[in-house]
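Read the structure below first, then the notes.
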């Protein structure tokens, strides 16, 4: 994805992470990193998939993504338990760069505290933090 | 560099005669470029060899008695099978694919790439040094111990700190010793302190070391002049701070004018002050860390004291400390006995406070020989001259790079004058000329120069950190400044040239992403 | 130059930057500089006051050994292209150094039987401590169970650094030959029961030496298996690389991380350094390895090339979360190591190992037959062995030294441990012929006899 984009249907964390509340089951959210995060990092060369069943805490790191010259903590926008990881990334990390909001998703979590959603930003507010 | 290119490095930036980013460059490659890099494991032939084993001159007992079969290796390691001429050709051949300090200017910031006198190699190779066993009885190694004692004394005088351990193997190892010493000092006083303050300009080794020593890093901000932000320091200096780790001059090449106040604040909360000696080459004989208030210093003998870098080691990282830290020094240290002889002091008495060993034996003695020879050659006057000329050279090169045509693209990040090195920002260049610091660095390779350190320190956008050292001539500095100006002018006309550089090197830009994604870190064998 | 800078003197540059209160204001209290020939004369005089392996018949070892260093190593190490570059930060002009690292990693991987190697670390004992840190990062457990057969310097280094790591060091004793030893026990090796007993769920790493400090060949496979039965430690072996032509490689013995002192491989003694430490591991530990690693790739024109890779492990990127604070490697010493291994070659490393094994066995039998001298243990040895003397070791050594023979290391003087009293550690390299060994037997026998006469029991 060459151009910056921040879909309207996502919730954003200031550390450049997004959450998508599952339409069918609002207790589950899909998490990933934003276009800005992958662009700053450069081509992702390593992502160590976390374990299903692990718990994540809002504002805390639950994984790392690496490019050749940088490492970035992946921050959980919401607390919860990991119920699925994107196994397809094991073979094709480029999806994180090419399609950060689609095939480049990282994990799905069962949300522990739905109220935490209120603390996240919408696309417009997040884009504003990037200074245009 | 290939042999063909060597004679033309300065004159020929490698793209004459054809368009730079045109595939035609491959056809212009020299023989070393054309040969695909084959490893020693891909050469030779079964049964071929260099080594001739001395004869078996003792009775051959039963194999099982010598070594039971279950302990024996079943298949020999698949080492190369090559003759001596093949080994020589191979390694001499690949050596020519290296750039080196003896061939050209190497202004790597923070690395102090000064000339390595060949005298040092000759002295270190004397059998009395080179074939001396580290467990030789001290009374039969008096020359070595005297050399170490004298080196300890010289480093103490240069740093202004009286007690020295030569043991650490490198700067990073010296840092680890320093933080462990700080920890031991506080623990001995019954205090548990968790935090170590490091400026955001610090070398990466500083925070890594702090974690290995079981403490926690707290970052300090840099003020607009490039020094420590005193307000931030005051806010963070409390009774949980074990130490402040500082490089002075810092990684921006600036001497912190508030150093006395910084020391007072740090000592005021009972913490120690640690000096990263990476930049000592700026101040030898001019200013001493001990006099600035530092408690612990590490030296990089491979920087200020000209141990050759060897393509990435060996180094040596002795430390000097103040009286209050001395009881905790790693052992052994070399002491002089009443009769004038030299001994290894292990301090094995009960109640010893030493943090213990950091490695085997006494440290990198071979490096001590070279650095001691250097100190003897230069003497008190010469060491001061070395620092003065290092600073003069840096300021002269900085002045040349502040001329029109360069300064608007590569402004000085902080300050006016500098010490032994300085940091430019390639931010304006990136915006105006559409080339990054990395591209400038790669294009410099075609001009026969090793590029400066790039992308460090982290707080400078597109940083370019330049340290010329005292052993370079004005002509070399001018040629380098001219090359920078030429590359910028060239980029203004056509940024593609720099973006595609280098062209004249044994290989061109390498795919680091592929190397990291699917690591191949050894030769596959049949 | 001053005019270009805009100052009137060099002093002004300093005065404008360094506060007066911290300017030295006097000359350093060091001698004035000397000419090249004066410095060389001074360093020659110092060298002449050392008794090197050139000047006596030396059987010193205990971590560093007087192996023969082939002439081509001197020649290659003195080449400017290897001697004077910095770390290969610019791969386009550092292919020589990077390829050497890649070849070195291959050689270490082959020797140890483990798939991944770094480009070297400082030296032996600190490499063991670096491996312990890998274990800490890997499993966050607290205890380091270590064999008393590790080199005393390794044990001391581990204790120093374990304090920083927040880990506890638990020492497992060796078996003895004395009364009460298990039937069939040769003594001198890590006590298997105590080893298994010491390892628990909170054990981060289990560490032993092969051969151990007293020369004994350990049952590495049994130690590894026992460690993994008792817990989930990272099994670390400190290995003598010169023995790996004939001893089972650590990778075949269940070892996870093999480290050691590289000096025997083509590096000179240099009174203890610089040399190199090697560091090899199973694939799963690759991203926890300390130090530089060279990897293969291609350039934009498709040519094969090498780069430093997996750098996100390192301090300059990961900073306080790095796998180590180590900045560089021992590239020049590692070059000597890989050239030496190429020079020995696939057959040579086995032949050399067999020669060492035979001569060491011969020497041990000759010496143990002397009155007042016995083997410390009966276990197999490769190029070094321990003896117990029925006499004061320092006095015996003094008598031998007067005869131009350095019979080996007084272990108690090295370790400071009471239980090492009377122990002499004798190293045999390929430079010590049968005639040299016979001379040692003659001189040592006479020295022990004289001491036993001089000091009646």
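Chains: A, B and C, in written order; residue numbering restarts at 1 for each.
In this section, a contact is a pair of C-beta atoms (placed from the backbone, for glycine too) under 8 Å apart; a residue touches a chain by one contact, two chains touch by 3 or more.
Here the structure is a predicted model, which means the values were calculated and not measured.
More C-beta pairs touch across the B-C interface than across any other pair of chains.
Geometrically, the chain at the heart of the complex, using CA-atom means, is B.
Rounded to whole angstrom, the centroid-to-centroid distance between chain A and chain C, based on C-alpha atoms, equals 46 Å. Chain B has its Cα centroid 39 Å from the Cα centroid of chain A. Averaged C-alpha coordinates give centres for chain B and chain C that are 22 Å from one another. The set of chain B residues touching two or more other chains comprises 512, 516.
Annotation for chain C: residues 311-312, 317-318, 321 touch two or more other chains. Residues of chain A found to touch two or more other chains are 46, 66-69. Across the complex, chain B meets chain A through its residues 455, 512-513, 516-517.
Across the complex, chain A is touched by residues 287, 311-312, 317-318, 321 of chain C.
Looking at the complex, you find that chain A touches chain C at residues 46, 48, 66-71.
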